[in-house]
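Look for chain A in each of the two complexes below; its partner is chain B in the first and chain C in the second.
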Partner chain A sequence: MWSYIGKRIVQMFITLLLFQIATYILIDLQPGDVTDLLIGNPDITAAERARIAADLGLDGPLPSRIWTYLTNFYTGNLGVSMQQYPRPVSEILMTRLPRTFTLFMAATILSFWLGYIAGKFLAWKRGGAWEYASTITGVTLFTIFTPLLAYILLWLFARQLDSWISDTFGIDFDLPISKFNTPSLWRRAPYDTNTVFSWMNWNFFAIVMIILIALIVSNYIPRRYRPALRIGSVVLSIGGSLIWWAFISGVGLYAWDIVKHLFLPILTLTLISFGGNMLLTRTSMLETLREDYIETARAKGLPEGVIRNRHAARNAVLPVWTALVFSLSNTISGGIITETVFSWPGIGATLVQSVSVSDFAVAMGALTLIGIMTLIGHLIVDIGYVFLDPRIRIH
Partner chain B sequence: MSTENVIEVKNLTMEYSTRKGNVSAVDNVSFSIKRGQALGLVGESGCGKTSIAKSLLKLLPDNAMIQQGQIVLNGKDMVPLPEEEMRKHRWSEISMVFQAAMNAFNPVYTVGDQIIEAIETHLPDVSEKDARVKIENLFRMVGLAPEMVDRYPHEYSGGMRQRAVIAMALSCDPDIIIADEPTTALDVIVQDSILKEITTLQDRLNMSMVYISHDVAVIAEVSDRVGVMYAGRMVELADTEEIFIRPIHPYTYALMQSFPSVTGPKRELVALPGEPPDLLHPPKGCRFHPRCPNRIEKCDQEQPEWKDYGDNHFCACWNPMEIN
Partner chain C sequence: MTNSSSNRSNGGSSVWQARWALFRKSAAANWALFAENPVGLIGLGIILFFLLLVILHPILLNTVWDPNVYNPINGFDPQSPVNPAPPSARHLLGTAPQGQDILSQLMFSARNEFILAVLAATVTVTMTTTLGAIAAYYGGVIDNVIMRIVDLVIMVPALSILIVVSGLFELSIVQLALVIGLISAFGASTVVIKSQALSIKVKPYIEAARVAGGGDFHIIFRHLLPNLMPIALLYMMFSVTGAIFSEAVLAFLGLLEVDMSWGIMLNTTRNLGFILDFSNRWYLIFPAGLSITLLSSAFYLVGRALDEIVNPRLRQR
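On to the complex of A and B.
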């Protein structure tokens, strides 16, 4: 197991290097560089621009520039932003990474879980209007142009639903459609947004870990206590966190503001991969239901729910889990678009923005970070598979 | 052997509805099995043996329908029971060893866990510890090392898996066990040892059994009584020795002829010409008539009656083999 993980990490590192080199070359192939921003400035002559480019090392041969970039990168120097000169790229990325990370994690977990539940029940109870409606919904979500989906949701939630809620209940929910916080609210806040948000992140991470550990541990305790541990870990970790934020933290109002800003981006990104996950779970579950061991489970007189969940769905999840690798790239491209549409200041929006102003170092850094996240995502899927399928466990 | 009937099947008729029409897979079949008795069901492939087995557990696909008849298990008719009720009788009273035992276990759980869940469902008062002890004993009984309880199905060989399936079928102390071609997929040597295991266990636990096979030799070895199936109907039913000495139905006779004798010297293999009919359109009258050497005029018009030939020997034929 550990040697397997070690091997995978070495592989990942090599992939990352190749990825960085390829990305560097691709960006270098783009016409123009950062000195083009100075073209309009009458005080700076063409000769001066060339001198600046030379100062920045932009005129050297490509291999030597790649070498410089990589050696700098692996000694922790990602360069400085030209647009926000002289702010270091690493600092920009580190403030924005948690936002993207949370967005991706939440959307991936939600779309996987919801797709799994929906697909499972669709395959179990076949036929009828439900099957039609959900298949059409699934295919639509799977194929829809992401920005279109984002704008539809924007219109639906932030406009239609919001005004409906305030008309009907007199509550002004005011679902925000862009950015990260409401500045007027935070002016009086005891902490800044990034601080509160980092607490929320740690909390989110803790919940995921608690549930994961409970799931693993539950396989080693007497069977009678298993459901209690599984359900208990979910209820206690989520319930406890909610109580802490609402009554103890003292910043519940501010956290709620961030949650409201997160709502539409997470929903969009969740829906992008939900359709695929649901359809795949359904197909996989229908196939599993034809297996002999399902008939055995029936013959044993196990209750319906046990046959559905413990036997059929547990096996049906395997290909869906594997397919997470593919839906990951879907999530990342969708994430970049989502962040841009909702002006969510994460890595994706940073990438788009830096490319549009030829802020080379920032773009390169953002791409590398996205590459690293993808590779880690793959690793997690692979390790998870080892836990999910005993047939590939290495003894 | 007591005289109490564990199961009584009366006039069981079951059809599959398909796009092309109804498949008459089980037609008016009756038999009963006493405690400790093993009934062998024999017949060519496609004659409805598996359909009977699955009807007994009411483990039928959606397109199957029990048209008429009773399945009286321990004095209670199972046919009208709703699924949720039926579920409680499965495994605790009637269990099954499947034809395709290779995939009878879920690959993601240990074999022990999959047996425990049956015990947990039907014997809720048995603690997990006692259940484990019980499974280990069952494993020893079927010739598996107790450590195998915690192994996954893919760590078992084909023969071991079949033994584990048998242990699983015994786990809730059923009154009757149905074995549908349990050794067909295995190689001959393993087949033989598992067959012996099954007969020994069945004797030792005084359990009733339905043993299904297309192989006359196997049936001869394990059963106390034999039912011969042809095209969805039972054509002959008698005690094992009796039916081998005195087959009455021409199909039974041909079947015996086409297999080497189990006990005596090898007989010549007489292949049965033709094939069993398509049950979408079963032949009128006696379903065997297109292949029957004894066929007389009314055979393709009237269905032969189920007649008693004495000595607990029954047969449905208009023109039986010479009885001497």
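On to the complex of A and C.
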């Protein structure tokens, strides 16, 4: 199994290199180079322009330029932004990467989990109004024009629901319609947004880890203590973090501001991927339910819940997990659109924004990071598959 | 002499007659299967509705509509100087912020979408079937090279590449269709079509064709490709969905230089700040937004229905 993972990592790295070379050639296909911007400047002669081009290494043959680009990239030099001159690209991207990563992870995990549960029950309750409703919902979410969905959610939550809640209950959520934070609030903040945000991420990671460990440990203790450990770990880790953020950290207000800005983008992206996952789980579950071992389980007189959750759903999840490879890039595309619609400064919004002002150093960096994210996603899916399907582990 | 030639022509026409009869028979059988499924019929209905819009637009402009007023790109109605204006008898879906008639814009854009869809899908299908057939038939190095390119393309979200490409080059609808077609040609469909081709490659009739002296070219184009067509048709529908969606997103983000499209209508609405004014300015948001959704989901639904015909395994569980 480790050799399989190692092989996949090497493959992934080669793919990344090929991808970078391909994108470099793509940018290179564009006529002219950066020195053409200086043509209109009477102080800079043609000879001077040629010298600048030579200084920048633009006069060499294509392979040597690709080599320069790659060596620069792997030593952390992604060039400088033209638009925010002289801010280095790596700095711009590094402040934005954690946001996109969080958005992407949250939406992927949520939509997979929700789609799995919804698909499982829909396959079980086959036929009738449920089937029609679920198919229509699934296909609508799967094919709806993403910006339209985002705006509908914005209108629904940030306009209608928000004003309704403040009218009826007097609680003002003030759900924001764009950006990552409220600048007027953060002016007095003791830390910057990214610091608080990274604490939140680490906190979330810790919660997931505690729950996971509790789940694993709970399989090795006497049966009657299991629910206590499982529920206890969830309540304690989440409750403890909430108490820490609210009363001890001193930045609870700021964290709440970030959460409010995160809510709608995550909801949008989750809904986009949810439709496909639900439909696929349903199809795969229907197929599994026709297998002979389900019949056997029924003949044995097992409870319905056990057949559904243990016999059928665990096998039905495999094709859905495989399809994650394709839906990952859908989610990332959806993320680019979502970030742009919400003016939420992550990697996707940076890509669109830098392309629209022809800031190609930033665009290339963002594109490469998106590629790396997808690759890592694929790797995680592959490794997860090894754990989900024991048949692969043995070979 | 005359006898033999007339014989030959007779034989030829009867072969064509037989082919036509077979084609009609299989088409009728497939149509019966397709018509069983309401999902596919709904999709087909939506597509026909938009085709009707495409056909009606030039007719309307030549007869009822004054071209100066109803021009989708720079029309202006002197009778409604305040724009955007809500729907009225003169403008059934209201007018855009710059004064164009929204219904006219909608109908005109539908034509662009169909051009894009047909072109992108044709490129995709021609290339995927050829690539899949070649990879499966030859195997070895050719197979490896094609499949590694496919891996590379699957890995990267197509939208991010399209964003960069449309920022680098000013693409027209036709060029965009070619780029989208090319990107999806190296997508997941090639993997599926290749595996299908692999299973056809070992069928006895391929062996028979080889024994009868058929060359590689003949076998690929006469025996392999026709048998890949049903599944290719299926992927054609899905690639149309992708093409319409991508074009709309690029236009919506303001990265596309086309004269008018549904995405551009939404882009204008967004740039002028009307996009969240659902109750007063719905006619600037929903006609275009829903058209994109409906047309791309229609092709998706037809694809799903075709899926059940092509993969009998899925039929009537």
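Just so it is clear, the second predicted complex is superposed on the first by the 322 of 395 C-alpha atoms of A that agree within 3 Å, B and C clash if a C-alpha of one lies under 4 Å from a C-alpha of the other, contacts with A are read in each partner's own complex, and residues count from 1 in each chain.
Here is the rule we go by: a contact is a pair of C-beta atoms (placed from the backbone, for glycine too) under 8 Å apart; a residue touches a chain by one contact, two chains touch by 3 or more.
Everything numeric here is computed off the predicted structure, so don't read it as measured data.
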Room on chain A for both chain B and chain C (clash or fit): fit
First (chain B), second (chain C), both or neither touched by A:Trp202: neither
Touching partner for A:Gly301 - first (chain B), second (chain C), both, neither: first
Chain B versus chain C as contact partner of A:Tyr293, first or second or both or neither: first
Chain B versus chain C as contact partner of A:Gln30, first or second or both or neither: second
Partner chain(s) touched by A:Trp164 [first = chain B, second = chain C, both, neither]: neither
Which of chain B and chain C A:Gly371 touches, first, second, both or neither: second
Which superposed partner A:His311 touches (first chain B, second chain C, both, neither): first
Larger contact residue set on chain A - chain B or chain C: C
Geometry of the superposed three-chain model: angle at chain A (Cα centres of chain B and chain C, steps of 10 degrees): 80
Partner chain(s) touched by A:Arg223 [first = chain B, second = chain C, both, neither]: first
Minimal inter-chain CA distance - chain C and chain B, angstrom: 13
Footprint overlap on chain A, where chain B in one structure and chain C in the other make contact: none
Chain B to chain A touching residues, read off their complex: 57, 59, 87-92, 95-96, 98, 100, 102-108, 116-118, 120-122, 128, 152, 154, 168
Footprint of chain C on chain A - complex, ascending: 15, 18-19, 22-23, 26-27, 29-30, 135, 139-140, 142-148, 151, 154-155, 159, 177, 286-287, 290, 325-326, 329-330, 332-333, 336-337, 340, 348, 351-352, 355-356, 358, 360, 363-364, 367, 370-371, 374-375, 378
Chain C residues touching chain A - in the complex, by the definition given at the top: 39, 148, 151-152, 154-161, 163-169, 188, 241, 245, 248-249, 252-255, 266, 275-276, 278, 285, 289-290, 292-293, 296-297, 300-301, 317
Residues of chain A touching chain B in the complex: 222-224, 291-293, 295-303, 306, 310-311, 314-315, 388-391
